[in-house]
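In the two assemblies presented below, chain A is common to both, partnered first by chain B and then by chain C.
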Partner chain A sequence: MAVAVLNPDLVDMVRRGSHDFNASACMNCGACSAVCPMGIQLLPRKLFRYVLLGMEDQVKENTETIYSCLLCKMCEVNCPGGVHIAENVRSLRHFINRQVFRL
Partner chain B sequence: MTMRRIGVYICHCGGNISDYVDVEKVRGTVESEPGVVVAKTAMFTCSDATQQEMLQDIQEQNLDGLVVASCSPKLHTFTFRGVARRAGLNPYEYTQVNVREQCSWAHTDDRAGATEKAIRLVRAGIARTGLTVPLDPTVVQTVPKALVVGGGIAGLRAALGLSDIGIAVFLVEKEAQVGGWVAGFGSMYPHEKNGQELMAHLKGEIAKRSNITVFTKAELVGKAGSFGNYQATIKVGGGKAGAAPAAAAETIQVDVGSIIVATGFDSYHPEAGEYGYGMEGVVTLPEFKELLDSSGLGAGEGRGNGHRDGHDSGRDDGGAGTALTYKGRPVRSIAYIYCVGSRQSRDVPNANTYCSRFCCNAAVHTSLEVAAAAAPRTGGGGVSAGVRQYHLYRDMRTYGKYELLFNEARDKGSVFLKFGDDAPPAVARDERSGRLLVTVADQLTMSTEVTIPADLVVLVTGMVPRSNEELIKTLKLPVGKDRFFNEIHPKLRPVETVVDGVYICGACQGPKNSAESVASALAAVTQSAGILKKGFAELEPLVAKVDPDQCTWCGKCQESCPYDGAIRREQVAEGQGEGKVTGRVKGRGKEVAVIDAAVCKGCGGCAPLCPKDAIDLQGYTDAQIKAMIEGLAKEVGQ
Partner chain C sequence: MPLPIGDTIGILADNLRQRRSVLPIPVRAATRWARGLNLPRGGETVMYTGLMFQLIPYIEAMSGAEERLGDSWLAGFTGLGRQVNKVVNISAFMARPSAQAQAANDQVLVNVALLLKQAEVDFGYLYEEELYSGALIYDLGVHEALVSHARKVYDVLKKHSVKNVITVDPHTTNMLRSVYPTIIDGYDLKVQSYLEVLAEKGLKPVKTLAGEVAIHDSCVFARYENVVDQPRDLLAQAGITVREPEDAGKYTWCCGGPAESLYPKKALANAEKRVAQLKKAVTAERAGGAEAGVETGITMCPICLVNLQKAAQESLRFQDISHYLRQAYCPQAEVK
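What follows is the complex of A and B.
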């Protein structure tokens, strides 16, 4: 895989959408992916990693995925890390709206 | 010799033995051995009921010897010695035979063979018992003083603990100041205690004690005497702590009952080029902590619930905007690389295969210091806006309560990346920007390779043993494969060494944080006090003995003995020996070897070397060994 160039400011750009963005509490257990009714593989743990690490291109490439989430919170009630998954997804949408759709 | 009256007890061990050894057959066969008066089997020989039965037999049948054929002597030697003692029989007239580990457990495929072997072993035990004599433990008077080597947090705390219970202490520190590593630290995990303050407090306490003598710039260079009564030689290069250093070295002799070794550890020193070490901006964890402390960021004020120990914040700028700089340049991004010099692959020469245990906690804690100093103090969020921190780890070992540190660090914005054992991160410098670039395949992001721009790379270096060859030689300290000092038993005897009266504690016996170092130091205090407070110690009498009538002093035994001072040369008046060393008379006469029962460990190395056959090991005399061999060799059918 190609070496990803990091944008260390990405997390702050996303965080602007919500002060509740707490992806760093994620411990990558995968409980969320397992219970997702949409079978969204990328959400949320991989996406959160992209944000935390500052992998901006990878976040933007997954605009589609970010919008397919139902915000049902199935994952959130099962998350042992207390990650505000739905809120985090909202922050991401906010970011995409600004950065991709220029809204 | 008059016929002995021996009782033999063979154990089923509830089936552990009897499933593979026909214990009834063993009993029936050995019952007719010369001297055997009682031969019984029991379901559990160690049970209270059987012990009581043995006791009764010994008294009613007037037994003068006891053989128990059960498990390893490591388990129950003291149990059955106790039975003998309670029955009025000398405990050294009892022999343990191991028919469990050596017969039933070893030969589960061969019941007949296991039974035959058991018969032979029990016969040997009976033969040995037939030749026992009553022995008494050697009693040594103990000196109520202790020597502590090393003045780190472990050594100082041990000295105070001993002082508290009235044992005088000599503390030897090789540096000009006591304090060890902790004296150099600012804020430490857990509880944000400041290392400098902590050690200043301990030093102050020590200065108040009249029964603690501290020697700095000093080393232990000699140890003579025996357990409970050692003569230690200390070479002092400077003066007492605090005093102006004297120029010339002097040698001081002190008498001590026990010695506690607390010589600590060294920080792993990376090889040049290891994770970029040597490049500007690549530092070790201790170097980074020093940088933080010297820039006023590591004092612990920024973190936690506001105050600690009644000290007000030393910083007056409220924390916001306090800049961390390295060589004049601001630090905005830090990459920590974990496990440097620890958990190395066996392929590395002299690999440190162990986990250093303190470093995950220390590094995570340090990053919290950085986050606290860099974060605007707005209360909510608490996210470090100023400094990005990336932790490249193999496994996060913030064990026990320290897990909270890890959670807090993630909360405060630290990013954790996991690398595989076979894919260590690479550190390079970006020629254009001059920044450091750390490249790693992050297992938490599908092993995507990412490159992190960093102003500082902190190598989370582990603990290695200090090189202390002189001390190891002087004290004959047992050193483990990992080159740390070794205890006798990691669970049951965690601070004792195989050298009687010499204890180890703190990080010199393996990686420990300061709380763990202090816990082991206090354990060593208790072990020392156990012998020193009683005033005397009893030692096994199973040691070598010289028959002065046979001995003509050739010195072969002394040359072979691994223990200093166990064998000395003395003059005895002719004819005064009568087989008893204690009966010797000093003065003109022949020279013989005399064994100090307190120093001799009964290894028996000297006995076969004596050309005059003058040395016997008590409890394992030549005659006993020969009789045992005959017992072993005798046909089982007979």
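What follows is the complex of A and C.
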């Protein structure tokens, strides 16, 4: 079984893209995935959990998913936890831009 | 041809840094719409286009080239390379916009200017000094490039002592009203979309229109900026019957446009779902006994319009809301 390498600084690194990053408000209910127009199953609940747990490799493996999000906020308007999903996704893009694409 | 995401974002960000737009267009193409309108330069209140409608014909032209190539219009960009683009503006050579598309998009801006005049709003325009808002770069998460660009936009507005900004499209509205205040200290501009201004001014129609339309809310207007009632009120006052699709208002279904720059096939699939909803909104009424209406979808955003029209082909005709508002609220003599 593969062992996940954890980066305890991952949340802080992602937060550099926006101080608004509030993934910890996610209750993992799945309403976001159910209403997503793009049918994205992973975003945002699993992805945000990866960030909170410091699973950097798993975040980077989901680059296409992160950039597929329409930022349309259909998930956000249905979220009972008040998670700033669109802004969180922008923060993840900022993280990938810097850490993967070296932009 | 799959798009290299990093190179694509890099090129767009480079363009914004070096050429002040993600897709640089000639000054003439950006300002042509205002010819003959005698709008003063600058002023306390300005109409700010953010170049969104002017950019669309160029994106459409590149999108046509994309279909021949097999994937995103940006694939051509990335094929030539980010390094080349730093020296030469590649977009200038990639595709020529159609005169018809340019005229249609320019007309939206003319409509808005005439409506504002009709509402007795005293406003100016920044002409060639007006800059793109940076919306795409914001969405793609290139924070540093956005901060630097937003500052340039703000400096131009302050140079002209602007206090009130009237926007046309939802993305520019969102950037200037909700995003810039979070990244520019002391940001003090009042920003409203023209739809809000017209509703607030209580503009009355000079002509009653007939017919029905299916309304498509922009996600950014509806969920980011709370612009939901104003377009409906303005259309209803004009005599238009507004049909609501299954997902409408705050719960509107995205046109898919935001995925166009990186994943055009996904964008198209999403737009097709939305077109089906909008068609159903019109035809359901017909099945209930009403006479066949004009099957028109109304949009408030240039990205929604181009993406939905592309998906609908000939099955549903889309018009920007200003097309109807101009007819109802402006005297014919002022209608171009």
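FYI, the second predicted complex is superposed on the first by the 102 of 103 C-alpha atoms of A that agree within 3 Å, B and C clash if a C-alpha of one lies under 4 Å from a C-alpha of the other, contacts with A are read in each partner's own complex, and residues count from 1 in each chain.
Following the convention adopted for this analysis, a residue touches a chain if its C-beta (ideal position, glycine included) is under 8 Å from a C-beta of that chain, and two chains touch if they have at least 3 such contacts.
Every value quoted in this text rests on a predicted model; they were computed, and no experiment measured them.
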Would you mind checking whether chain B and chain C clash or fit side by side on chain A after the superposition? fit
Partner chain(s) touched by A:Glu76 [first = chain B, second = chain C, both, neither]: second
Decide which partner touches more residues of chain A, taking chain B and chain C as the two options. C
Determine how wide the angle is at the CA centre of chain A between the CA centres of chain C and chain B, giving a multiple of 10 degrees. 130
With both complexes overlaid on chain A, does A:Arg90 touch chain B (first), chain C (second), both or neither? second
After lining up the shared chain so the two structures overlap, which partner does A:Leu52 touch, if you call chain B first and chain C second: first, second, both or neither? first
First, second, both or neither for A:Pro8, with chain B first and chain C second: first
What's the minimum Cα gap, in whole angstrom, linking chain B and chain C in the superposed view? 14
If we count contacts the way the header does, which residues on chain A are in touch with chain C in the complex? 17-18, 37-38, 63-64, 67-68, 70-74, 76-77, 90-97, 100-103
As the complex stands, chain B meets chain A at residues 333, 380-381, 383, 385, 388, 407, 410-411, 413-415, 417, 439, 442, 444-453
Seen from chain A, its contact residues with chain B in the complex are 1-6, 8, 11-12, 15, 19, 22, 24-25, 28, 46, 49-50, 52-53, 55
Which residues of chain C touch chain A once you look at their complex with the stated criterion? 5-6, 9-10, 13, 138-143, 219, 223-224, 250-251, 253-254, 256, 258-259, 262-263, 266, 270, 273
